[in-house]
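In the two complexes below, chain A is the common chain; its partner is chain B in one and chain C in the other.
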Partner chain A sequence: MSVSTAQKRPAKRKSAREGASFLAALPWIGPALLLIFTIVVFPAGYMIYNSTRKISQVGTDLKGVGFDNFAKVFADPNLPRILLNTVVWVVVVVTLTVVISLALAQFLNKPFPGRTLVRMAVIVPWAASVVMTTTVFYYAMDPNYGIFNKFLTDIGLLDEGFGFTKNAVPAMAVAIVIAVFVSIPFTTYTILAGLQAIPGETLEAARVDGAGRWRTYISVILPQLRGALAVAVLINIINVFNNLPILKIITGSIPGYSADTLMTYIFKVLQFDRRLDISSALSVVNFAIVLVIVAIYVKTVKPMKEV
Partner chain B sequence: MKKRNLRGAVVAGAAAAALLLTSCGFGGGGGTSDGGSSGSAGAVTTLDMLVPSYSDGTKALWEKVIKDFEAANSDVKVNLEMQSWENIEGVLKTKIQGNKAPDIYNGGAFAEFAAEGLLAPVTDVASEATVADFQPSFADNEKVDGTQYGLPLIASARALFYNKTLMKEAGITDVPKTWDELYTASKAISDKTKSDGYGMPLGNEEAQGESMIWFAGNGGNFGTGTAIEVDTPANLEAADFMQKMIKDGVTQKDPGATQRTPMLNTFIQGKLGFAYALPQTIGQIKTENPDLEYGVAPVATKTGTPATLGVADRLMSFKNDGSKAASVKKFMDYFFSADVYTNWVSTEGFLPTTKSGGEKLAGDETLKPFLDMLPSAVFYPTTNPAWNATDGAFKSLMGQIATGKSAADVLKEIQAKADAAK
Partner chain C sequence: MSFLTTEDRASQKTVIWRMIAGLGVAALFLIPYAVMFIGSLKTRSEILSVPPNYMPREGAQWSNYLTMWDTPETPVAYNLISTIVISLCATLLVLLVATPAAYYTARFKFPGKLAFMFLVIVTQMLQPAVLTAGLFKQMLAMDLYDTWLAMILINAAFNLAFAVWIMHSFFASIPKEVEEAAQIDGAGKLRVLFKVSLPLVWPGIVTAVIFTFVACWNEFAASLVILSTAENQPLSVALTKFVGQYSTAWQYVFGVSIVAIVPVIALFMLIEKRLIGGLTAGAVK
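Right after this comes the complex of A and B.
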């Protein structure tokens, strides 16, 4: 939807001749538009449609109920805790990821022997399947046979294995560590690309003017990283907000909803309550939240503004 | 101007990415019906079969049944799809939504499918002789409004498994028969040995089963085919006692997040005093730790009167356009013939539901303690259309009694979910 308005806007403002050239371009952009329609617009539309229906537990569409499902969603006593969890989850993961990646990118930007190897090693968590990585962590944290628990008991920190993934708060912390771990490669490489695009003259000029290292970083390097950081933060927010595999594996066995984010809650409503209609309504809310975050972000940070 | 366009494109791109990511839960609608392929006589009919795995050997067992069946019936092909118990109902729902319901399905709950007219009555998909061979008590469990929709595949019951070595170490001589005895014995093992006393799996794999065993031990259940009744005084008393076991530390750690399979592995390794387990556990112990000194006894109940959870799973057939009923009938008649069926059931370690199968397995010693318990078994109210939601509510909520929420609140919450599903 938003895709087509974005393309219409310039077409409307410009002359009719240019409008005709848009038509002429259609055969070339047509396949892409078709793809976007079938895998993005149609499913989203279907989801919104489902959120206004009453759907039986086995999946047959019974009748339209207007906004009843949304009323149920907002009256849900579990929602405040879930939204709080979601905010903590997104803010902590994205902040930690960006801070660690900034440091890591700075390090990888300096020439040193074996840099290529280290750069390749940083990609590994990205290359491995998230489900696989998370499962490895999950087993390592198991209280009875997890290698991590065994290590902690062997060095005497714990008397016996602790259920890191069995209680809401520690499980959330473990999930955050894993999410940061798998988000770092992409973020680091985006920032690294930004660092390499900084002209040497600006750094030299800062040095000539007598700026210290820290001052150079804050006033010269960081502003020039704006574009790279904007992309990294935006993609990370959307990705982390919508993350299911990590949370489902790590916090999935915890009873109740004390460790759920909006995404895992949607999944539980679908899997255990079998409410396709309610989970569709929740998904619409989820989607609206992401759109609002992105809109606020684009409006305030102005990622495309040149320095 | 150019800058504006770029910004517009970023917004649009981000919106598209957000859509793409938020909508990834969408499970393929708009699928087409593939019922037309079985038209002419002599053509090969393909049956889609969706089954869960009961054990590591389930797939091979079904593959053998299908291979032998196809060898005898060249006009029918069976397309086998295996899923884990955790995923199978989600997969099924997606298939129903896409008009690709399986022709043969092995599952637990079936009443809601029958209520919506999706299932074929057994008389359409099995011969009279096959239908008449089921034991009446099981066949009755498969009926909605007098019509039988399911072909009972397996029966099972839970029993108390106890570790003799740990009991001796803790100075316990008698196998517990009542709740209080189980409490005392578990406490002794927890205190005097390095192992945990009682294993209580309230994670989302077994919460409903474990709860039912305890509720049944106090004369309770989950309700009937017409009304789900979870929040009752008898059930609450049982739930309170479960919570007491957890609070006093006579169970393993974090029962609310414990799954049955890994927990039974610790029993098999000899690190758990007591646990409720299944007939298959005996086979597992035989292969994985044959030296384990253990015994099997009836479930401990409040007063000592026998009660246990009985489970029956069934095969059912989704109607679709009805063109494959004759082929499904061939398969069912073949599968439930005494030799094929008893081999399947006994290899999986379950109890048979057919008369001919029962006669064939009567002398099996492994199955005897469980066969004895079947008369006192309480079943899930699977014919209640709200059962699926109740089952889901137990799986996601019951474990909260281990994280500090009061048992009364938890039962109320489960009851509310069941009531909302009507």
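Right after this comes the complex of A and C.
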């Protein structure tokens, strides 16, 4: 209700808020600006600076090379496969996460005995570090000493342990499952918070109007969730795009670049080839792509409500 | 608790089905951590035995939970304190900085608002992982290298985005009339924020707090390059010390990971109560 009425009356509000200037806003947004400018700006600038330098493998800055590093990045024969992997990775993980989380949040919003305990169980993958969760999956899926493999052989689904993490395609699938698993808690909780902020009267009104469950969900609940959902999706896109540990642990030992995303590729270039200059250029490209995606997202989905 | 009214009529059968489904959901999310927990009770050799055992054959090694605090690899107790201090302070800082920004941008128009919101989200896109070279240089220059304060500032700065955006969306969903009524009664902006708006956006604040705290709790890349003293390092970095080139003390890795989950769950339990309190307060209005 709040959203629709807010949009219907722009004229009245405009007059009420007239005269607001950037200076008037400063006491409210100033602390955030100060924190961003003191901490984020320098390292970001330094990354861009490094991307235009030639840096030796021991880290000595040799000379400026303009856009040479970028030329090398775009001429890289591995790049198309890596970009494709990145797109598949982000789209599949975010879509699965959002669909499952919407259902789960709806369920966790219904009263039943023990609900608090179930909610707590759902928060555990969030509370545990991604590195540790991934490590446990990796450990359990080992073909020799992995418990998951033993379980599958014991119930007769497998004849012997399967190397889930030894080939690009199954390893990528495992990584996607883990990424969805660790993204669900955060997404579910954000949606749940959105659900709880819906006034009871709104649902009651829909009920009185005789709207069915599905109908109520689509036309009453979803629009109210829009704000929370839009932010959750936005953060998910960025975090999944920039995720390093899951793929690094699960597909890191696979030779070549067939299971790499941009982020893990950046890491490999830095760690194994020791090229800070090339990896900085790749990071700038990575950042530019995320920036464009987010700009398109913000423009079309409009997660930020207009006052 | 008005949000329960439509659900109150759920039949007993429905409630039982929900409990069964709830049990299934809980099991699904806990399985990896059960594997972790059982692993933490095995001996160093049994944990890598081929084929593996579901349960520790040599008896549960509860002593792992005592010995892990005193190992040559890392001072776990200090690491735990470090993680708690850094995460709590950074979360507090984020709340202090993000709340006014979220409130103002949700309520008032001003030139540069879109630019500000975009700048905030840009900080989320820049992960500390790819910025470590610059962060290292910067913290040396600011004379903050190897201090908690450095990690508090870094964690707060890079996790500001979610808090600002999610609280913005919750503030924006409060009907204007609620605040305007208070303003007519003569309350100033700050008073309206604290007395009227904040209680209504509790669920959003809680989500922001958990998100920020968890992100700080598990931060790894920047801590690795900024904190060099073993006692200063957080648990995320300390854990890697157990992973050796030739052998890994998996029982400790798993044990410390289990211990590291507990404070976050405790925070969640604490906050869940406030969450329900906030909701009833909102329902009365």
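Quick note on the criterion: the second predicted complex is superposed on the first by the 268 of 307 C-alpha atoms of A that agree within 3 Å, B and C clash if a C-alpha of one lies under 4 Å from a C-alpha of the other, contacts with A are read in each partner's own complex, and residues count from 1 in each chain.
Keep this in mind: a residue touches a chain if its C-beta (ideal position, glycine included) is under 8 Å from a C-beta of that chain, and two chains touch if they have at least 3 such contacts.
None of these values were measured; they are calculated from a predicted model.
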{"item": "Of chain B and chain C, the chain that contacts the larger number of chain A residues", "value": "C"}
{"item": "Partner chain(s) touched by A:D273 [first = chain B, second = chain C, both, neither]", "value": "first"}
{"item": "First, second, both or neither for A:Y139, with chain B first and chain C second", "value": "second"}
{"item": "First (chain B), second (chain C), both or neither touched by A:I235", "value": "both"}
{"item": "Touching partner for A:L222 - first (chain B), second (chain C), both, neither", "value": "neither"}
{"item": "Partner chain in contact with A:A24 - chain B first, chain C second, else both or neither", "value": "second"}
{"item": "Chain B versus chain C as contact partner of A:L84, first or second or both or neither", "value": "neither"}
{"item": "Which superposed partner A:M120 touches (first chain B, second chain C, both, neither)", "value": "second"}
{"item": "Which of chain B and chain C A:A32 touches, first, second, both or neither", "value": "second"}
{"item": "Partner chain in contact with A:P199 - chain B first, chain C second, else both or neither", "value": "second"}
{"item": "Chain B and chain C footprints on chain A, overlapping residues", "value": "2-3, 5-6, 36, 39-40, 43-44, 46-47, 144, 234-235, 238-239, 242, 244, 266, 276, 279, 283, 286-287, 290-291, 294-295, 298, 303-305"}
{"item": "In the complex, chain B residues that touch chain A", "value": "3, 5-12, 14-26, 29, 89-90, 93, 96-97, 112-113, 116, 118, 202-204, 207, 253-254, 256-259, 262, 266, 271, 385, 388-389, 392-393, 395-400, 402-403, 405, 417, 421"}
{"item": "For the chain A and chain C complex, residues of the former touching the latter", "value": "1-3, 5-6, 13-14, 17, 20-22, 24-25, 27-29, 31-33, 35-36, 38-40, 42-47, 50, 104, 107, 109-133, 135-137, 139-140, 144-148, 150, 181, 185-186, 189-190, 192-194, 196-201, 203-204, 207, 224, 227-228, 230-231, 234-235, 238-239, 242, 244-245, 266, 276, 279-280, 283, 286-287, 290-291, 294-295, 298, 303-305, 307"}
{"item": "Residue numbers on chain A that touch chain B, as the complex places them", "value": "2-3, 5-7, 9-10, 36, 39-41, 43-44, 46-47, 56-60, 142-144, 161, 163, 165-168, 234-235, 238-239, 242, 244, 252-258, 266-268, 270-274, 276, 279, 283, 286-287, 290-291, 294-295, 298, 302-306"}
{"item": "Sites on chain C touched by chain A in the complex", "value": "2-8, 10, 15, 18-19, 21-23, 25-27, 29-30, 32-33, 35-36, 39, 47-52, 54, 93, 96-98, 100-101, 103-114, 116-135, 137-138, 153-154, 156-158, 160-162, 164-166, 168-170, 172-176, 200-201, 203-204, 206-207, 210-211, 214, 217-218, 220-221, 236, 239, 250, 253-254, 257, 260-261, 264-265, 268-269, 272, 275, 279, 282-283"}
